[in-house]
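So that you can tell them apart, the chains are marked A, B, C and D in the order they are listed, and the count of residues begins at 1 in each.
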Amino acid sequence: MSPLQLCLILSSLLFCIGLVAVMSRGNAILVLLGVELMLNAANINFIAFWRYGPHPEAGTGIIFVLFSIAAAAAEAAVGFALVIAIYRHQQNIRLQEANRLKG
Amino acid sequence: MTFSAQYLWLIPALPLAAAALGAVLPRTGRGLAAGAAIAAMVASFLVSCVALCTALADPAAKLVHNFAWFDLGSGVLRLGWLLDPLTAFMCVMVTFVGALIFIFSLGYMKEDKGYKQFFCFMSLFAAAMLGLIVANSLLLLFVSWELVGLASYLLIGFWFHKPAAAAAAKKAFITTRIGDLGLLLGMLWLYNSTGSLLFFDGGAGVLETAALGSLAAQVTVGGLAVSTAIGLLIFCGAVGKSGQFPLHVWLPDAMEGPTPVSALIHAATMVAAGVFLIARVYPLMAADQVLAHVPVHALTVVAFIGAITALMGAGIAVAQNDIKRVLAFSTVSQLGYMMLALGVGSWVAAIFHLLTHAFFKALLFLGAGSVIHAAHHEQDIRALGGLSARMKVTFVTFAIGTCALVGMPLFFSGFWSKEAILHAAHGWDVSHLPFYAAVLGVVLTAFYNTRLMAVTFFGKPRSPGAEHAHENSPVMTLPLVVLAVCAVVLGFLNTPVWPWLDTMLLGKAEVHGHSLMEGAGLMGLSVVLVALGIGAGWALYWRTTRTSASAPDPLAVRAPRLMTFLAAKLKFDELYDATVGRLNSAAAAFADFLEVWVWGGLVNLLARLGEFTGLVNRETDERMLNGGFDNVSGKVRGTGLAYSRAQTGGVHGYLRFLVLGFVILVLLVVMGGAR
Amino acid sequence: MNAPGTDYYLERAPLVLRDAIVQWSPVPAQWLVHQLITIVAILAVFGTFFAFTTIAERKLLGRLQNRLGPNRSGLPWWKKGPKLWGLTQPFADAVKTLTKEDIVPAAADKLLHFLAPVLVVTFSLLTFAVLPFGRNLIPVDLDAALLYFFAAGAATELAIFMAGWASRNKYSLLAAMRALAQVISYELPLLLSVVPVVLIAGTLSTQDIVLHQGHWTFGFLPHWFVFTPWGAAGFVIFLVSALAESNRSPFDLPEAESELIAGHLTEYSGFKYALFFMSEYFGLTALSGLGVTLFLGGWQAPCPFLQFIPSYLWFMFKLVGMLVFFIWVRGTLLRLRIDQLTRLSWQFLVPLALINLGNAAFWALTAGWTGPLQLVRWGVSLAIIVVPFVLIGRRLSGTRAPRIYRYAAS
Amino acid sequence: MTLALFILALLILGSAAVAMALRNLIYSALLLIGSWAGIAAFYLWAGAEFVAFAQVLIYVGAISMVVLFAVLLTKQGHAPEPVEFTSLSRFITGLIAGGGVAGVLLGAILGMPLDVRTAQAAPSLTVKELGARLMGPHTASLLVIGLLLTVALLGAVLLASDKRPDQPEDAP
């Protein structure tokens, strides 16, 4: 098995951990953390393909990861602001109770 | 001093810096903000003069300085500065008139709370306009163009606590935006077809022969040449900005802003932008002239729009009673003349008229501002009167401005520029209709200006404000005097005997004049026409002066229906209300109708159908059969419930289905691929 | 004058020493020994440095408050001997803290309570790895050294949070929250004050930044960044933010004695407390070292003829100068309220740092200006930073009501 | 090399998995920070130094702070209410779905003949080159990201602020 495949397996397993967390945990914060994990898994893929790809000197993978990290930061800021808004609204952050568009 | 296009950015940058300074200064920094604004304008003026000298040294040259603005990966967007006589003349005019208006504002806005913001916005406005002039790229021009729009929105709505001002600002912004959409589309089309937006780029620019040839050679919908289509789209922008028919409606409403703003918008900057744009892209507009088999030439449209506007504006101005509105419609009319000149192929005449008009219209607006300021913000000319004795400087300078606007022969700049336009229109071989419209416009111009002068300055004062009016401080009258001198002198830059401006703009080396006698017939005609207009005005308004503010207008007495029609601005606002506005509400009503009756009805119908089947079901169930149907309907209910359980509103459920769906999809694709 | 270069024997002395020791070890372990020596050297030097910083702080603060400070401790086995001006006090303190009882609250989260002090010292020590102590002395010459520094530094606040949360004490938790608010507020101006240096030097490597400052105008005016308008402004912003980042007075809100007992340190005692104490000083030293590197020319001598003094000594001189300044500030200024703290950051430091970034960009753009234009460059650059400073400062203080000195004699 | 990767993978996956399964949110967050640090180490391993430090700076330095703030502000710190798998069926279906995705992905990876570069030396890209790339061909994307961050910042402030924007400052 090549190192690239190992990296890809690592990233897909990390992605699935995040996915399972998103799907089965009720706590909004944990769900957001799961989403962050999924983003990180994607970043690992970018780096792996950059490292073992045909044109590492172009640096596209690295630049994409930088953008992705910036997007993740934006997502975290907005996401946790939403969590706080939900908490203020229903006094808990159980996602299964946040099922109304209007309240 | 050597000056190259590289340093041209200084001209807009100085007012921009003043605007930035004004933005960060605290409210107490009034004096500093105003001083910085004026100093920046004066400095810009000096730089512009240097630029003008450089440009005139070699009028045929197009000095450009292009640079990469940003790298898109697949291409590079480039911007640039351009220095030729057109740019230089415009820069000098804008900075000079602008500086005088700024100085005038010192006095006019003295008591206003938003003094600091006012100078900040004015500087921004001037900076945007200058950026528009020095741009060598349609993109940079467009950016400045939009900045001009923004600044005008801020300035027209400067007294935003007045509902009328806020509405006027919005109207100006939205109306010009309609035109700008055309400009944007034209720009994108141009970039798509030529891959560049630079005007001059050493042979690769869009206004150079290579690009023009290919643009004129292509044909698009309706048999139009691509250059015609792009030109007309760009012209849309000019129509919006320069208040041409049919988008002129915002311009008179823009009078809600402070008077110096009106002067800046109507004289030097915003409205001139449209004319300047067409003059700048003139090679593109004229590229289709060589083609014979096109349905329409771009310039023909320009000429007709200009002629319509010129006549219409003059007509409406006859019936207005607000001193600023009269001037506003006269601006509309004069801009129509400029467009007409552009359309008939004499863009130098248009620029000449643009320059002279800038000076005398700024003079008129500042004079009106002086009157308004002195008469305690009384703007209705019926309530003024008798000011000639009370405000001597204002009266004399205003009279000079009026003479220039009317085209009093020989000694006033307006005469020469208007003469050039009439001459060009007369020589146009496509149609003579624009010429007749222009001639009629001349009569009307003379008529309404006589009316304005007579009612405002003569007779008895008809309101307490006018009675207590007295001359303003030198800070306000001095710009008037300077502008008045210019309004006279400027005409001699380009008489038929010595057409210096023409030669410079056209990039020729020597001045070839010809005798006055060549155009004497036409000139005589226009003198007669002016005399006719003034005579009519005199007969109606001067001989019998108005006695009270509420007395009916003499013209209204003689032709009441015409007068009301004109006073209502040819009912354009009503027309737009009735067409565009009504279309809008009709669409909304239609959507509402669809919502309530069609979709709602459909839903209701389905519900009724359901009810009906239910009824039938029950009937059959009760009357005919027993448990079997109960059983079946129970099953149906169960399925429905099971489905409805999927719609929990819970995120988890949706996500789970999403993921399962993804997995199944991938498996299907893989298996399908394997087969 | 022939300036001593990289092979000046005093400059090379530490390296020679290290290589000599490495030679003694077996070949397969040589790389390990090589690294270990670096680590041990940093620990030893900065451990001692820490010890003497504490005594210097206590004595200096004492002087500032018109008292003597510690002056009793001498040498233990020399009862009648000289007191050595109390210079052995830190060692006595060390013995004391090591022998004290280690108290862990019953309700505390044992694991995190233990982990927090360990992590806090680890992270603050990590930052030393990229500081260039001398011409040849840099533990790791990373390409992205500055980024590394801030990455490692950001983690210490996390450890403070762990300490506060794990104690299960509401004062500790409040302190933890304050620590987080503070780091979020001040990370931004700190980074923004550093960015102009990166912009001008064109590199993130600390060694290259120092080399960039190694020139002299007229042979004696050093090209340190602090001697440019943007550099001076950046240095001041850096100083203020560094004070806040290292939780020093007047920004020592997370451990404000009068409000929160001792903040996140409330439930710590003995050696764990000492570790926190140590990490605070390590953090301060590291940030001072960074300030020296970025703005004060690093290990460069101020004048060419002073280059005979080896570069690592120059670094140490400057470091000591910075620390004395920080101690002075601590003895002089009063603690801020939390709202004043965040307002200072968001409304004053961040805008100024952003303007300063533009200023540095202007400086970089006008690098070609010479002769009289150089004067214009300086004037414009000064104006760019001074005018907003005055305006923003005036606006901020303008919204406050006039000060009333209620208990002061007028 | 591969051994180091295995150790890193174990660290990353282990801490992530445990973090996602724990009941105490603070532990989850701290473990997850460990996982992020592990990912940074992976970047270092792969030779992407700059990205590694950026990852630490942003995830460990900033996002973790936001997470901890959110945990404390929503009073989840001491888990007064059960933060647990409230529904076993949801957990099981989640696990099945996740497992399905994992199966699909792993199958795809293992079944793909990946063309691996023979030169195993880590490619080096200095920060300066990276900066030139970022400001050269990727300027537009950089601007878009800057815009996104600004909008996100404003949005976060607006969402989390107590006051409605249309209410006056000192409404009760």
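Details
The criterion applied here is as follows: a contact is a pair of C-beta atoms (placed from the backbone, for glycine too) under 8 Å apart; a residue touches a chain by one contact, two chains touch by 3 or more.
Bear in mind the structure is a predicted one, so any value in this text is a computation, not a measurement.
Chain centres here are C-alpha means, and the one lying farthest from chain C is B. Taking the mean of the C-alpha atoms as each chain's centre, chain A and chain B sit 50 Å apart. Annotation: 51 Å between the Cα-based centres of chain B and chain D.
Note: centroid distance chain A to chain D, computed from Cα atoms, is 5 Å. Mean C-alpha positions place chain C and chain D at a centre distance of 30 Å.
In chain A, 19, 23-24, 26, 96 are the positions where the chain touches two or more neighbouring chains simultaneously.
With touch defined as above, residues shared between interfaces to two or more other chains in chain D number as follows: 50, 54, 62, 69, 90, 93-94, 97-98, 101, 138. Under the contact rule defined at the top, the touching pairs of chains are A-B, A-D, B-C, B-D, C-D. On chain B, the positions that touch chain A within their shared complex are 648-652, 655-656, 659. Residue ranges on chain D touching chain A, taken from their complex, read 1-2, 5-6, 9, 12-13, 16-17, 19-20, 25, 28-29, 32, 35-36, 39, 42-43, 46-48, 50-51, 54-55, 58-59, 62-63, 66-67, 69-71, 73-74, 76, 81, 83, 85-87, 90-91, 93-95, 97-99, 101-102, 105-106, 109-110, 114-117, 122-123, 125, 129-130, 133-134, 138, 141, 145, 148-149, 151-153, 155-160, 162.
By the touch rule above, chain A contacts chain D in their complex via residues 2-10, 12-21, 23-27, 29-30, 32-34, 36-37, 40, 43-44, 47-48, 50-54, 56-59, 61-63, 65-67, 69-78, 80-85, 87-88, 92-94, 96.
Chain C contributes residues 112, 142-144, 147-148, 150-152, 154-155, 157-158, 161-162, 165, 173, 177, 180, 183-184, 187, 202-205 to its touches with chain D in the complex. Per the touch definition, chain C reaches chain B in the complex via residues 388, 391, 394-395, 398.
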